[in-house]
Every structure is written in C-alpha cells, then in structure tokens.
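First chain written, first letter: the chains are A, B, C, D, E, F and G, and each begins at residue 1.
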Amino acid sequence: MEYVYAALLLHAAGKEITEENLKAVLEAAGVTPDEARIKALVAALEGVNIDEVIEKAAMPVAVAAAPAA
Amino acid sequence: MEYVYAALLLHAAGKEITEENLKAVLEAAGVTPDEARIKALVAALEGVNIDEVIEKAAMPVAVAAAPAA
Amino acid sequence: MEYVYAALLLHAAGKEITEENLKAVLEAAGVTPDEARIKALVAALEGVNIDEVIEKAAMPVAVAAAPAA
Amino acid sequence: MEYVYAALLLHAAGKEITEENLKAVLEAAGVTPDEARIKALVAALEGVNIDEVIEKAAMPVAVAAAPAA
Amino acid sequence: MEYVYAALLLHAAGKEITEENLKAVLEAAGVTPDEARIKALVAALEGVNIDEVIEKAAMPVAVAAAPAA
Amino acid sequence: MEYVYAALLLHAAGKEITEENLKAVLEAAGVTPDEARIKALVAALEGVNIDEVIEKAAMPVAVAAAPAA
Amino acid sequence: MAHVAEWKKKEVERLAEIIKSHPVVALVDVAGVPAYPLSKMREKLRGKALLRVSRNTLIELAIKKAAKELGKPELEKLVDYIQGGAAILATEMNPFKLYKLLEESKTPAPAKPGVPVPRDVVVPAGPTPLSPGPVVGEMQALGIPARIERGKVTIQKDTVVLKAGEIITPQLANILNKLGIEPLEVGLNLLAAYEDGIIYTPEVLAIDEEEYINMLQQAYMHAFNLSVNIAYPTAQTIEAIIQKAFLNAKSVAVEAGYITKETAGDIFGKAFRVALLIAQQLPEELLD
C-alpha cells in the first residue's frame, strides 16, 4: 500500500502524481522504489479523478432507513 | 489529511512514525510541515495499534430495520 | 399501556411480576386496577422473555454517514 | 430504566410526572427512589412532549429494503 | 449533555466518574454543577460498561440489504 | 478522544473552545494537556459549526439505500 | 556485413538511431493490420510515439547494434520477443501508458475463420435484420436459439458463442458476419517494451485500473478511520470526529437511562418500543 499512500499524499498536497514525485516521497519514507510499480501506478491513475473516487469511498455504503427514535 | 497519509506511508514502509520521519516525507511531497500538527499526530499515535485502528470502522454506518408497531 | 409499563417497571426493579405487585404499582400511579386484566397479563407474560424483547428494542442510537473500512 | 418506566406509567395513566408521583410509583415497585435521579428526571422532562417522542419511536420505519441495482 | 461529556472525558482520561471529579471538570468548563444531576448521572452510570457501549455504538450494524454492485 | 470530549463539553456549556479553556478542562480531568494536540484541535474546529454537525449525527438519516450502480 | 545490401545497412542504421534516441522502445506486431487502420494508428500516435515498420531481421540487427553502442546489454533481450510482422515503436511514454494507449486504439474487426477471439463473443437476444431462411437452421446448429418472429430472425436469449481465446470456425464466422458482430480487434499488439534496463511484457503491462481505484479507496478509508479513531483532526475528518464523540456520549447516556434534551427521545422511545413489543405478545383483550 506504500505506493498508494504516497500517491494520496501527493494528491492531498496538491502535487501531481508523477514518477519523480512518487519516487521522492517513497525514498523519503525509506522505501527503495520499484520502477515498474511506480510506472504502473502513474499509468493507472492517469485520467482518474481522485477526489471523486475518494468521495465515493466516503459515502455510506448503504444507508438503510434509520429508526426515528 | 497529508499528515495522516504520511504516517500511513511510514507505517506501511515499516518505519517508525517520528517527527523527523514525518517531516522528511512531507517535505518530499512539497509540504512545508507544521510543527504543531506533526507533534500532535505523533502524540495521538502513541500506544495506538495502527493496523487495528485503520480497519476499524470509524462510525456506525447505518441502522437496519425498526420494529413495526 | 399502563399495565405493560407497570410490568416493565417491576421487571427493571428486579421484582417478580405478580398480581399483587402489579396492583400496588398501578394504584400508586392512580390507576384502579382491573382484576381480570391483571390476571390475564400475569398469565400472558409467563413464557415471555422480557430481557430478550428489550434487547430487540434497543436500537443503535443514530446514524452518521460514515465509511467502514 | 425503572425511572423511565415509572414516568411512562404515570404518563399513560394520565398523571403528571412529578417528584412525588414518581416516588410513590417507584416505592410501590419496591425501589428505594434516589432523590437526585428523580429530580434530574423531572427537570430533564420539562419541555419534552412525551406523546410526540413516543409517536416518533413507534413509527414503523419504512424499512429499507435496499434496492438491488 | 455537559454532564455526559464530562463523564466521558473522565472515562477517556482513565479517571473514575465520581461526583467530585465531575464537579471539578464541569467547574473548569464554567458550568455551575447541579448536585442532583451529578448524583443522578453517577447513579445511572453504575453498572454501565462504557467501553462496551461505545464499542457497540461504533460497530457498523450489518446493514439491511446492501445494494448489489 | 479526551480532547474532543473537552471541546464538546465547552461547547455545550456555552464557552468558547480556546486553548486556555481546553487546557483548564483537561487539567481538571487529570490530563496533562499536550500543547500540540490542543492547537491542532482548535485549528481544526475553526469554521466548523458544531451544532450543525451534531444535528446531522443525531438525525437519523431517513434514507433508503442508494443503490450502487 | 559485407554481403548485406546497402539499403539494409542504412535501414539498420536508422532503426538503431531511433532506438538510441528514445528511453522507451517497444516491439509491436503489425501483421494483419490493413493499411487504412495502420495509417489511422499512426495519426493517433503522432507526437507521442514513433512507429517504424521494418523487416524482423533488420529490427533484430538494429536492437543489437543499439544495445552495444549504448552499453545496455538488457536491451538486446528485446530481440527474443520479435515475431509476426514486427515494428519498432519508440517513445518517451511510460510503457504502461503506451500499452493502455495501444489497447484503447484498437478497433473492432469482422470475424475471420481460424483466428482466436480476444474476448468472449456474445450473440445478443432480440430481433436481427435477417429474413427467414436456412440461416435459422445454421444458427440452431451452432447452439444459437433463433426463431422467426414477425417475419424476422430473432434470437431468444444472449448466447456466448465463443470464449476468449477460442478459434472462430468458418460456420460461425459466416453467421457473425451476417449479424454484423465484429469479434476481432485490429490494432498494434505490443510484444514487449524496454525501458531503463527492464523488459516489460504485456502480462505485466495490462493493469487492472479497477483494482487501483479500490486501493485508492481503501487507502483513503484507512486514513479516515485512523484520523477519527485516534481523534487526530483534519479538515476532512473533524466533523466525523465530533459526531463520533457525540454519538458515544449519547449512547452511554441512553444506555444509562440518563435523560437530557438529546437523549430523552431515544430513552423514551426505547422504553416505548419495549412496551410495544411486549404488548404484541399479549392476548388482544388485554390491550386498550
């Protein structure tokens, strides 16, 4: 999950999720970055609206009717 | 949320969540770290089992059926 | 509903739900007890597991939209 | 919950929920009334419309048969 | 709700929920404590396992039908 | 959660949630306040309408499940 | 290379130059891609990648030459992936993005006998443009539930006629073409890509984006849960933290039967529901 956390960190910091930025963050966390995983992550996230994706995650999965008490 | 992501990144990387480590990661992500927030996070994480806490739902998602009158 | 509340009060107080006890409670509440109803109630409640019913009625208090893990 | 049932019994019996009335009912149920709790209960109920509260609780919540997509 | 918050603060701080402790906390918050409410709260909390109740409250109640994806 | 309970206590008591007030309440509860956490909480609460937030939590979301597509 | 024709030498030279001047070098198979789609592909790649179709032997020589001159022996391994009608695709694009672009650029193509399909082929339920005739029997023979309805051949239900990787039979190709179903894809098939000492194969490059989205959401949830559970406030979680504290307080008060403005409803509600549930189990003559 390190790579994904790093990507979200960059996103939250308002930085672009590029190979260099990911590498820098991972190295700062003491991780030796795996080129292929970084490339794959950057490619996978291209065109993905992270804010939207996160919002969906935050939404209650299935809010059933709640009892008025 | 940057600070939390940075902490999770360190945790996933098997590194200790210390003020220095957080600072390094945040700076690598282009964030100018705020001392107070870093200290607060480190203090809040003391004695916390991160693996457990991240899986624990933060709140009651929803409530199911109520008895009909 | 007075009769049921009286029975529940006795139950919560750790007292047996008998005709006398019900009568005493109802009278204290200013209700003139109806002998037949009291008899019927005592008979009907035999075999009802009140604690179980209470458990069923206890519903989660409120709902907040929140993500589970 | 004794105090609450006692209050509901009085309410159902059409009696006012006063300290004396609560005390009488509780004593009849074999409970030694705690002055403080009685006072607190009476104070807390000021301005609470019990009928309304009960009505809301009784409402058969339109149970969320969550539509499957 | 001040009294309840005060009680939970004491509980979270690992302190016992006694009349004195509640009084101290409430006074620090600028509240003139009401003896009756304090006594009532302490009495009401007797026999309540706060950790358990909180844990239960946080548990995502297995929601009614979850929508199929 | 101590810090949050302290903040809610102040709010319920009609007091402002300032660093000093939080410190006073926490100390009264026997907690040695952590400056950084207090600062972080006060900062995070800026611009948050606590009453509104609580109301949202208290109000059962009377929603039927939103089907995921 | 004395026996090699001059133009071949020049071509190898040119290819090697292309390889050397781009960080990412991919091999693609252009066999079976007709001229028109190929030129469309070139258009799509313009400005992003350089496509050079050549002979396999010359590509092999060029890769070896470039590897030697660059001092990058790993690059030479790319020759192991030459097959079909290979072409060089040189770019600055990350190999994963390149693969994604190539996949997205593929266009559907009509069925051809003897060719495997890239994914499951479904004949959809519903009316077809076909008029009644022997075609109905041909379809039924292939397991397609066809019937005449209102003067048209109609398919009764969605039918999978081929699984991914299965080969199209002449009979099926005939039917699919009549139905206008195009089960094949035309486009550049990436054979392998090289970057920075690493060879990437299509299996590695085919990333599941859905999975990444799930991971993003999970990572966010982790952060959210952590923040709320340890009461470390952030802009995104401060509301949830307040709500959690409030709900905790309320739950405790309700459980204790401690009545406040906020808990009266819950406590009385609960007591009343208990009474109701009990009443439901009582004989009718007992009820008011």
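Please note the rule applied: contacts are C-beta pairs under 8 Å (C-beta built on N, C-alpha and C of every residue); 3 or more make two chains touch, one makes a residue touch a chain.
On a predicted model such as this, the values are computed, not experimentally measured, just so you know.
Within the contact network of the assembly, the step distance from subunit E to subunit G comes to 1. Look at the CA centroids: the one farthest from the centroid of subunit C belongs to G.
A count of C-beta contacts for the chain pairs C-G and F-G puts C-G on top.
With each centre defined as the average position of its C-alpha atoms, the distance from subunit E to subunit F rounds to 14 Å.
Annotation: 12 Å between the Cα-based centres of subunit C and subunit D. For the pair subunit B and subunit E, the distance between C-alpha centroids works out to 25 Å.
Averaged C-alpha coordinates put the centre of subunit A at 53 Å from the centre of subunit C.
Chain contacts: subunit E has residues 1, 5, 8, 40-41, 44, 56-58, 60-61, 63-69 touching two or more partner chains. Those residues of subunit G in touch with two or more other chains are numbered 218-219, 221-225, 228, 231-232, 234-235, 240, 243-251, 257-258, 260-262, 265-266, 269-271, 273, 275-277. Across the interface of their complex, subunit G is touched by residues 1, 3-5, 7-8, 40-41, 44-45, 48, 50, 53-54, 56-58 of subunit E. Residues 257-261, 264-265, 267-273, 275-276 of subunit G are the ones that touch subunit D when the two sit in their complex. Partner subunit E is touched in their complex by these residues of subunit D: 34-37, 39-41, 43, 63-69. Interface residues of subunit G, counted against subunit E in their complex, comprise 244-253, 255-258, 260-263. Residues of subunit G that touch subunit F in their complex: 231-235, 238-239, 241-250, 262.
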